[in-house]
Amino acid sequence: MSALVVEQLLNGLQFGIMLFLLAAGLTLVFGIMGVINLAHGSLFMVGAYAAALVAQASGHWWLGLLAGLAAAAATGMVVEVAVLRRLYARDHLDQVLATFGLILFFNQGITMLFGRQPLLVQLPPGFAGSIEIMPGLPYPSFRLLIIAVGLLVALGLYWLIQHTRIGMLVRAGATHRDMVRALGVDIRALYTVVFGLGALLAGLAGVMAGPVSNVQVGMGEQILILTFVVVVIGGIGSVRGALFGALLVGVTQTLLSGFVPGWLRQVMAGSEADALGAALSSMGVYVLMAVVLLVKPRGLFPAHA
Amino acid sequence: MRNALPLAVLLAGAIALPWAAEALGQPATIGLATRILCLGIAAASLNLILGHGGMVSFGHALYYGLGAYTVGILWEHFRLGEPIFGVIPGSNELLVTLPIAMLVAGVAAAVIGALSLRTSGVQFIMITLAFAQMGFFLFVGLKAYGGDDGLLVRRRNLVPGLDLRQPDQLYWLCLGFLVAWLFLQWRIVGSRFGRVLEGIRQNERRMAAIGIATYRYKLAGFVIAGMGCGLAGALTANELRFVSPDLMAWQKSGEIMVMVILGGVGTLLGPVVGAAALVGMEYVLGGITENWQFFLGPILLAVVLWAPGGIMGLLGRGARRG
Amino acid sequence: MVEPVLRVQGLRKRFGGLAATDDVSLEVRPGELHALIGPNGAGKTTLIGQLTGEITPDAGQVVFCGEDITRLSVAARVKRGLARSFQIVQLLDDDTAEANVALAVQARAGHSFRFWRAAGRDAALLEPARALLEQVGLARHDTRVADLSHGERKLLELAMALAARPILLLLDEPMAGLGAAESLAMTETLRALKGSVAILLIEHDMEAVFALADRITVLVYGRAIATGTAEEIRANPAVQDAYLAEESSP
Amino acid sequence: MHIQRRFLMAGLGLAPLAAPSFAQGAPLKIGMITTLSGPGGYIGQDIRDGFQIAIDQEQGRLGGQAVQVLVEDDGFRPPQGKAVAERFLRNERIKLFTGVIFSNILGAVAPDVLDGDAIYVSPNAGPSNFAGRECHRNYFVVSWQNDSLHESAGELANRLGYRRMFILAPNYQAGRDALAGFRRLYKGEVVQEIFTRLDQTDYAAELAQIRAARPDAVFQFHPGGLGIAFLRQYAQAGLLASIPQVMPAPSMDAGTLAAVGDAAEGVNLSSHWNSDFANPASLAFVAAFRAKHNRMPTYYAQQSYDTARAIGAALRQTRGSIEANPFRTAMLRADFASTRGNFRFNTNQHPIQDWFSLKVERVNGQLAIVTKDKILENHADVFAAQCRI
């Protein structure tokens, strides 16, 4: 394999990991509470902003990380208690409208507080450079860190869900909502905890995205739709599905945008090929989702039997 | 008809709006109102499948955009004098472009609906979104029709006997189409077909058990709604004199859906009221503060939490009390 | 010998490792009231699902009036005269009882691609609907379904199934949740129907079953272990074992 | 405050606003349609603030005429820009417009403004179509024609001796103009060309292709937030040390520099202006801007300031009238001291001006954009030849 293909695969993996961090929380909330939360991207943004601001003020990236996680989790739990809790019994339409309202509120609120200029986030010390992973292929060490963190989170979630009491309730909640209720578990507390966990992961994604792309208003919505695609491809409520779907979407998207314009350029004029190639590669993941849903309407790893 | 009087008053008010706007020195309000009418048609047609058929399509802006692009592309070829694919001539006649726009949107809805309706629930929401996104990126990539930048429609379409360059005439035309569409939809909702759609919304399993092949009725509803959006898009293209992939972005689908919910799901006038409320709030709040979205967000939230039937629900409650 | 209305042959359905339907065969004769009984978890629901078309069998055949309908959709089976009622009522809760039945009448009356005339005032739909409601003895025509009592809804289920003018009626526990008086009324309604239409009755209320059924099939662990008249079933040792086993288990 | 953020109104916009009036002494209304929301929002802020500096310098006047600037957000959406233009034209009866940042929005706004017999003076976007065949007598550009930014970057690449270039820009009108403009004066070989997406935030896939292609240098045009992400990822990928970058000014303004940080060091830029210019007009502008806003002005602020000054110069000659013919004649004389030095209008009413090379360097430990050489003198765009006014 050429260095280019390896690098593009790594890029796809890293992008997939980002999507996984967002999708894991979303799929749990979706699967257990049955809530479509469009404002999940706002939690991503809150995490990124808190991390950037604290890192800037304190000069310590790792302090920023903690702040980002705390801010996202806290915001998530407040949102759950104040708003979403009232929407569990409603249909999807009401949830869409309410969380759409939340997006507007968060985006404009952040604009009012911190302005429109994207924020500068430094890389954490020791991760500013790149590592030569193959002769002639240096790769940014921070992106490797993202991959590592994501895989660790995946392992941690696996352990949490398979081997802890909360995990047992989460699993049961995704398949037999009424049974968990019947067990006498404090469902409200469980929901708040799960929502906080999802928000924490979204915040983690935001913190990790900060130094790579921009910390700016609206950053959550750009990635939100793809996150939904991941959740649906993977199967709603399934963390394993979210991981698999995220990697599939990340690698597909990256490889398509990396190679399709090049292939097209061999058969047509350069700028036409680029325009069409960009369109085709953007369409790719949606085609993927449509095909998956037509073949397996409940996604690849459906949680509900 | 119990509702005849308020409806007549409302219609008379709508017809008189251009004169009022001129008299008050607010001529641009006519353009704003025209946009509301167009979005009202789009929202009403989404309501047919969403409110009456229980199909939550999150990709309805696609048909809106396709309707608009049909007008734009026909104009572009008319302007250049080059037939499409060397066969189909361009056109700037509304009586030609409008039916074609509805046809294009209807065909697209038939194909997409035929595939999407194999799923249901959240999967249906997402698959309709997926198809809309494909359309969006397709038009972003179509350089011949402006790509990301969109396509300019320098002159509005021609209609015998009307001059659409006059904002008030365009307004009345759109008002006519809105009233016609609402009337048509009112008949459909009350018809045997409408009863079947309504039954599917309430309990699809029951409908199958009385011998109704639900798939084809849902598909028919989906196509009708798509054509309504195509009509709305075609009128919008004339109003804006500009089309761009923006018109079929997922945000637009969300916006149309918000209008339906805000106004009142499953009601005749709700979607139009919702369109007026959303566009109006954008305009009014936007005039008061740069940070208008900061206030719009909680307003939407409040509607969901405390006014589940939307604005029509609130009005109904008020009427019952009064 | 008369061609049976329904002939089920070697039907199998597995969910994971569990055989929910295991080589079931049974026949329903014209005009017969055939009861299907069995302890909880015997696979009655899965069998019904395969007869109505909601579940596709792994193997076997469902033949209705001489036609193989194993692969037909739910709606297509209803069109051929195989109607059902639901154990857990499936109705249009926002509409009146009359509107519910009118819709079922409409479904029987041909396709519904009619977009213009108001269906709500169509006498061709409303009159048969009222007649059906009277036939099952449901008086509150104009009450919203959500406001009807449980017993009334069970009657409405029956009326909607009858609207399809069925050859075979699949009744999934029509007595479930009814009080003693209501059960009795339902038994009388079914007795009145008997003979005019073949009925496959799934029921837990043994009193009703033995009072009504011409023949009875007993389903245990997905298998049809016996078929016969009430007398034969009562005397069958295998049936006694199955029911005793259930009663002795927690 | 002479810049008002619109006006209050009640009901569905039916209540009367301030009565439109052209009476003597009433301030002249100028409609500014610009992008205040989204990632490009800070550019609109600078366009607004730069314009206001010129008005402040005359205590609420431009060229002696009292003015009132109405600022509206186009939301980075062409249809919204059009809607604002319509309202300004019809409700407010505004006849003088400015402010649009992005070419695609200008493409939607300008035809309405020009069809409505109003004047448009661009402080930023200068797409090729309006410079050539579709040029218009009421349409002026004070900033630059889009291609010039990139032609100057092509000339800069020549001067730096880069023989093999990898070029990228977003896939929209200005991006396509950018790559075409770069090729026009660049004499070496373009090894690969990529169009990125306008909503892209991760450029890893493109960076991998750059590494594989091994060019002498990279030319890229990514305005605002896009450029910040691109540059930062470029540095993280370790490309900054091995493959230098050439870019036009909009890819690296003072705001971008602050957000990118060290990743910007060593970048080569071409520009028509820089905040370290020593001419009196520029010094006065930079001082006034910094005093008021406590930040360095960007190119956008400077362009907008010059736009206001150009309008002011014309208003002084017409004594406050914006009657199309006299105003146009007065505008074309460009009788003002531009912050960039040489400035005059070409036949297509776009600038003829000088272009300079800049470099991001460390000055006293702080990163700064430092002006180097003049690379093009009295440069005009190539589209003027197609324009018939």
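Every chain is named by a letter (A, B, C and D) in the order it is written, and numbering of its residues begins at 1.
Throughout what follows, a residue touches a chain if its C-beta (ideal position, glycine included) is under 8 Å from a C-beta of that chain, and two chains touch if they have at least 3 such contacts.
Quick caveat, the model's predicted, so the values are computed rather than measured.
Comparing the chain pairs B-C and A-B, the larger number of C-beta pairs in contact belongs to A-B. Comparing mean CA positions across the assembly, the chain most remote from chain B is C.
If you average the CA atoms of chain B and of chain C, the two centres end up 44 Å from each other.
With centres set at the average Cα position, the gap from chain A to chain C is 48 Å. Rounded to a whole number, the gap between the C-alpha centres of chain A and chain B is 32 angstrom. The distance from the centre of chain C to the centre of chain D, each centre being the mean of the chain's C-alpha atoms, comes to 75 Å.
Residues of chain D in contact with two or more other chains: 36, 171, 197.
The residues of chain A that reach two or more other chains are 111, 271, 275, 278, 282, listed in rising order.
In chain B, the positions touching at least two other chains are 140, 147. Chain pairs that touch one another: A-B, A-D, B-C, B-D.
On the side of chain B, the complex with chain D involves touching residues 20-21, 24-29, 31-32, 35, 140, 147-150, 152, 154, 167, 240-242, 244, 246-247, 276, 280, 283-284, 286-290.
Residue ranges of chain B in contact with chain A, taken from their complex: 50, 56, 115, 118-120, 122-123, 125-127, 129-131, 133-134, 137-138, 140-143, 147, 250, 254, 257-258, 261-262, 265, 291-294, 296-301, 303-305, 308.
Contact residues of chain D toward chain A in the complex are 36-39, 41-42, 45, 171, 176, 179, 193-197, 199, 201-202, 204-205, 208-209, 211-212, 225, 228-229, 232-233, 236-238, 255, 258-261. Against chain C, the residues of chain B that register as touching in their complex are 187-188, 190-196, 198-199, 202-203, 205-214, 217, 220.
By the touch rule above, chain A contacts chain D in their complex via residues 2-4, 7-8, 11, 14-15, 111, 115-120, 122-123, 128-130, 137-140, 142-143, 211-214, 216-219, 222-223, 254, 257-258, 261-262, 270-271, 274-275, 278, 282.
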